[in-house]
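There are structures below to look over.
Here come two complexes built around chain A, the first alongside chain B, the second alongside chain C.
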Partner chain A sequence: MIQLRRLFGKNSRQGNWWAPLVLIIGTTAVLIATTVDFATPQNASNLLAQAMPLIIVAIGQMIVIVLAGMDLSVGSVMSMTTAILALDGSPFVLIPLVFLAAIAVGLTNGIAIVKLNVHPIIATLSMQFIVIGIAQLLRPVAGGSVPEIVVTMVTGRIFGMPTTILWGIAVIAIAWKVLHGSRFGLHLFAIGGGVASGQTDAAHNYGLPDQRIVIKAYVLSALFAALAGVFIAGRIASGDPSVGSQFALDSITAVAIGGTQLSGGVGGLHGTILGAILMALLANGMNLANLSAFLQGAIKGGILLLVIALQSRKRMGL
Partner chain B sequence: MQPIVSMINVTKAFGPNIAVNAVSLEILPGTVRALMGENGAGKSTLMKVLAGVHQPDTGTIAIKGIDQSFANPKQALAAGVSTVFQELSLLPNLTIAENMFLGREIIGRFGVPNNPSMEDATRAALAELGLTIDPGTLVSELSIAERQFVEIAHGIKADADVFVLDEPTAALNAADVEVLNAQIRRLKAAGKAVIYISHRMDEIFNICDDVTVMKDGQHVATTTLDTLTPDGLIALMVGRELRDLFPDRSPSSGVVRLKCQDLLISATATPVSFDLHAGEILGLAGLEGQGQQDIARSMIGQHTAISGTLTIGVHCISMPVSSSSGVRDMQELKLGFVPEDRKEEGLLIGASISENIGISLQAARFAYQTVTQFKDLVAQTMRDMNVKAESPAANVGSLSGGNQQKVLLGRYLASDMDILIIEEPTRGVDIGAKAEIYKLLRALADDGKAIIVLSRETVELIGLCDRLLVVHDQAVVREIEGDVATEHAILDAALNP
Partner chain C sequence: MNPTLNRALRIPPAYFVFVVLLATLWVTKPQLMNANVLGIFVRQVAPLGILVLGQLLVMRVRSIDLSGAGVLLLINYLFASGMLGDTPIVLMLLLSVCIGCVIGAFNGYLVAKRRVSAVIATLAITVILSGLVQFLASGKPPGNMPALMNEAYKLKWGLLPAPVLVWVFLTALMAVFLSRFVFGRFIMAVGENPTASHFAGVPVARTVMIAHIIAGLFAALAAIVQSASVAVGSLRLGLEMPIDAVAATILGGVIFGRGDGGVWGPFFGVLCFALLFVVMTSFGVPEPGKQIARGLIILLAAVFYGLSTKNS
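Moving on to the complex of A and B:
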């Protein structure tokens, strides 16, 4: 189905993903050597659970970044999701409600960008304010309780393994299908490639329904953000309107570290996942090592700069 | 025999500009039609209508007798019209096979695109053109020639009936051209129609059967090529009278203001050398897009030349000129550059006349000095240029094209430049203002300035300039004195180097 050459070949449109891989290996080695609590099964399980929300939301972010867009509302969608789940009600009402709300957010973003010609940053930034307002309305202070079934789905064990692993497999399978195993994914790259090379009408001239594709992409981004929100809600078992605040920028960081170009058309799923894992690994390791907040921030920023500098931003097609 | 393509009374206008005016074109199967005309004749627009990029305002298009209308190029291709434009439209981050099948992908199991089948089909289509490029290659890795061939293969694969090739050999070497010609002959033998737009006479007489000539958006003539000579063809393309709106020429003073030596604008160009004298108006003539603009813009760094030397007075400047500081550096040497797009590149549209005229002077001063209005200078300039406006405070955007152009030229007059390079001095300007601008330019020359003019209107260059350098294929192919120049002579020099 997908040739190995395309995944790992030179100049493939997967983007530069070996940088985060090398850094993950390096950081893991350093952490194992220096930090006592790192190499324990408990920490490994923690690490996976800490990485999962970022992986999920970064995948959604990648979908719109490949189109040369951006979604700043993902963090607030995560917060709103936990707020909805912490409402009084049956999970069979609340869970669908979460996804319906996400679809509404995604549609609004997509329509504003495509039909009203609002710049993606402005459109999704405006949504971010509106959605966080909704989250705060539903749950002004952290608290409430999330349905049991959600908590079990996230923190339970199945066949002796933490369910997190199943989450990972399921999410990666769906993401791969969307991005690399479907006509839709190819069209995403086609549209992004057109924008990146200055031929903004190219995809449209090929007869692709580019407006519909862009709207669908923003809906998917919101849905992935909601899924990440469900995961977090299961972990903290309560609603929290501030829980998603870092995730908008963090997801963009993970996507960028993974080699996806913000100018569009270039990127690979494995890169994004590696980028998210690297960030979770750094956070986990730096916490265990008790590094100061300043040092943590400086390292995070430094790594981002380093990885981006190593990527050659070739102008596509020119 | 029924025509395979039939365009009847097609008109396409963009605002007030009628690019294609009631043009009809019929092509029989198994023939190659050349489409020729001067700059602005409407050839590209007509083909874009056929290709589905533009929709005609009036007129009909029929392919194989069936009326069609195309909302986009994909529909045109589905109806049998394949077009390879000069601005290629392949997506660089997709492979050749993905580009070929975009929008009609072969889907395998579980909805996953079946890449091996698409690549096999692509490989076969490329092989028909004698190409062995791996269909899994990203388009960004292909050379321009290879990309053109891929686009042609795309049309062949789509089983098109009509192939439109817009300047197909622009980026091809002789060997590639032969490959292309072999393909065109194959298409001809298979009963397809080929429309071939080119300025290269030898190719046209080599591969085409008939020619359609357009001028100013209208159809001039359609005739077979076997009875026509290159001279006869040029005569068909040209034919406007020289209007009597140019002031008399006057001799130059002989002092060399600017010496250009061995300017190389690109790796495939020929070095260009010329001298520019005080009191002289020098024109860069020839067909559009042959390098005139690159030559002019190399002087101020807006085009990165490869090598060459400019000598202005005692200053020796070696190419390439810095693109970030070139304009300012040249202004300090009293060389002013007037760009062709006055709305986007020349004037500050939201600003007043006095601000626009004074801007060069302001820019030359220290950044934190208090602003001077230069009132007297602006008033004097407006008088000299005969700018008709309520007051110097009027917004430049509200002026007519002619007045806007005069304000733009006035800026350089006010900053007292010695050398002026002017692109399209009367673009979008009515006849009356044109005459005024020509008088002004001649007066500036008489005053000792040296002027280089670029224009797509050959008539303008002939009337205005003392000397003409005919530029073709990035080289100066001939120098013609203004008083003996004719459009025929220029085209002849360009097309028969």
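Moving on to the complex of A and C:
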């Protein structure tokens, strides 16, 4: 009970998570009322498959945003993951390679930020260019084929149930354990809360290994991005060096809609998941309404701008 | 730390990199070392150089402006699509400048008044503008640029191409503006310490806002020069330009809140980019390699400054 109150109660650190829930219910109602194709099993399974990569990246993004950081390199890690998976080779080499590459990216981000004193946005922005460059070197244009096992893992069925649902359960369980069932999760919010209240050293002065936690957070963010990349690779069954380009901003939008504060310290798993579902729902609705893909991009940008303009911050600038 | 070493760390890396690149080019491709060829290389980066003038202003007040890509795309489309019919070119130029200022003012409002994260806000503006332009053009490349602009771009004054002349003139103007006007002092004060500036009576929010408006203005000017440099419009202008502007600015010794490099540091940062891409092309580095180099430059320059602020 206490645990539940801490997660869903009025004074929780989870942020304003009910707003996306209300919006999801509203959007669903509107879509059911106005379009014929929405409430079909086919569309529901499409929607789930569309939402899943965004849910996975957004969880990783949320972990660094709680630390008042930001990871703009997640999209490029996803692209690189699909490019690596489409290389020639055994899946038992390629899949570990994907996660090793992600760990390398996360470690570089974390070390640049913590040890070399680089602003998180600059560090991950430059990392984005480096990783996209690597992805393009591995696979200059979309193509190639992903190991069969990855495709089955994503699009197959187990006991008649789409594996997408299992992915969702597994990812949420991992994220729950990391955020709410580990010391790391608690420390994350402690450091973020300190930064948000202007006392950057607070957590450090309490004896928390703050540098190690920040580095771990960026590694986790890259790992979640790689997981999302594996999922997308399974869906498109090929490598594409530009497949992740939208995801950096989309994940930030999903996290921000879910009530996580970009100034750090406040945020949560369920808000982020709801935010990602809302984004997928809106994309699905715009597709059903036959809106131009270019206009959809502009509208998503507008939503991002609106959501972050509604968050109040003390600091000005970056 | 040793004061001499400290002073050496404060010299922008752009100067060293420029000398190294020039030497590399001199040794490996001596046939390129004449005023005509170099003039063409430098002319190519004139739009970037003009964009950097705005970028260095906002970066000195601890903000950033990535909306340049959107402004560039919009103004490029405006000239190439012929959607304004037979409007005189002067009016179109004026309109472009107005668009730049309005977008700059909107950025400024978001960053200074609403206190939105500058990266996200200006990135979102670019996403919105490029989405709208691509929607208007329905994904197809727009038509030809006005011939008059292309002719103006090719003019020369002695050995100096006209765009380079404009760039140098604007840079000198900015140098005077920053060192001789009260606003220049405000920019410096806000960058050094926003809280102290606020209590010293500096209008912090207004300074940030005006910096963004001027950045928008320079983005529009850069867009005009860029549009003049190509014969046909393009929808493929990506985020590279504002990112290169950030990289050149950092290379030139200006980084969030600190302005060691003044205006001429970033100027040489842009010249580094002019030579860098020539050197990479002449060594046969493919496009992804350039992408990686772009990222590495920003990261290394930021690490250089991160370490030098940590020590002091």
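By definition in this document, the second predicted complex is superposed on the first by the 289 of 318 C-alpha atoms of A that agree within 3 Å, B and C clash if a C-alpha of one lies under 4 Å from a C-alpha of the other, contacts with A are read in each partner's own complex, and residues count from 1 in each chain.
In this section, a residue touches a chain if its C-beta (ideal position, glycine included) is under 8 Å from a C-beta of that chain, and two chains touch if they have at least 3 such contacts.
Computed from a predicted model, the values in this text were never measured in an experiment.
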Worksheet entry | First (chain B), second (chain C), both or neither touched by A:P140 | second
Practice prompt. In the overlay, answer first, second, both or neither for which of chain B and chain C A:R13 touches.
Written response: first
Discussion item. I'd like to know which partner A:H119 touches here: chain B for first, chain C for second, both or neither.
Written reply: second
Practice prompt. Based on the superposed arrangement, let me know which partner A:I132 touches: chain B (first), chain C (second), both, or neither?
Written response: second
Item to complete: May I ask you to name which of chain B and chain C touches more residues of chain A?
Response: C
Fill in: Touched partner set for A:G302, first chain B, second chain C, both or neither
second
Worksheet item: Which chain A residues contact chain B in one complex and chain C in the other?
Response: 314, 316-318
Practice prompt. Over in the complex, which chain A residues touch chain C? Could you list them?
Written response: 70, 72, 112, 116-119, 121-123, 125-137, 140, 249, 252, 262, 292, 294-302, 304-305, 308-309, 311-318
Worksheet, complete the sentence: chain C residues touching chain A in their complex are 61-64, 110-112, 114-121, 123-132, 134-135, 138-139, 194, 204-205, 208, 243, 246, 250, 256, 286-299, 302-303, 306-307, 309-310
Fill in: Residues of chain A defined as touching chain B within the complex
1-3, 5-6, 11-13, 177, 181-183, 186-187, 189-190, 192-194, 196-197, 199, 202-208, 265-266, 314, 316-318
Worksheet item: Where on chain B does chain A make contact in their complex?
Response: 53, 72-75, 89-94, 98, 102-103, 105, 107-108, 110-113, 115, 136, 138-141
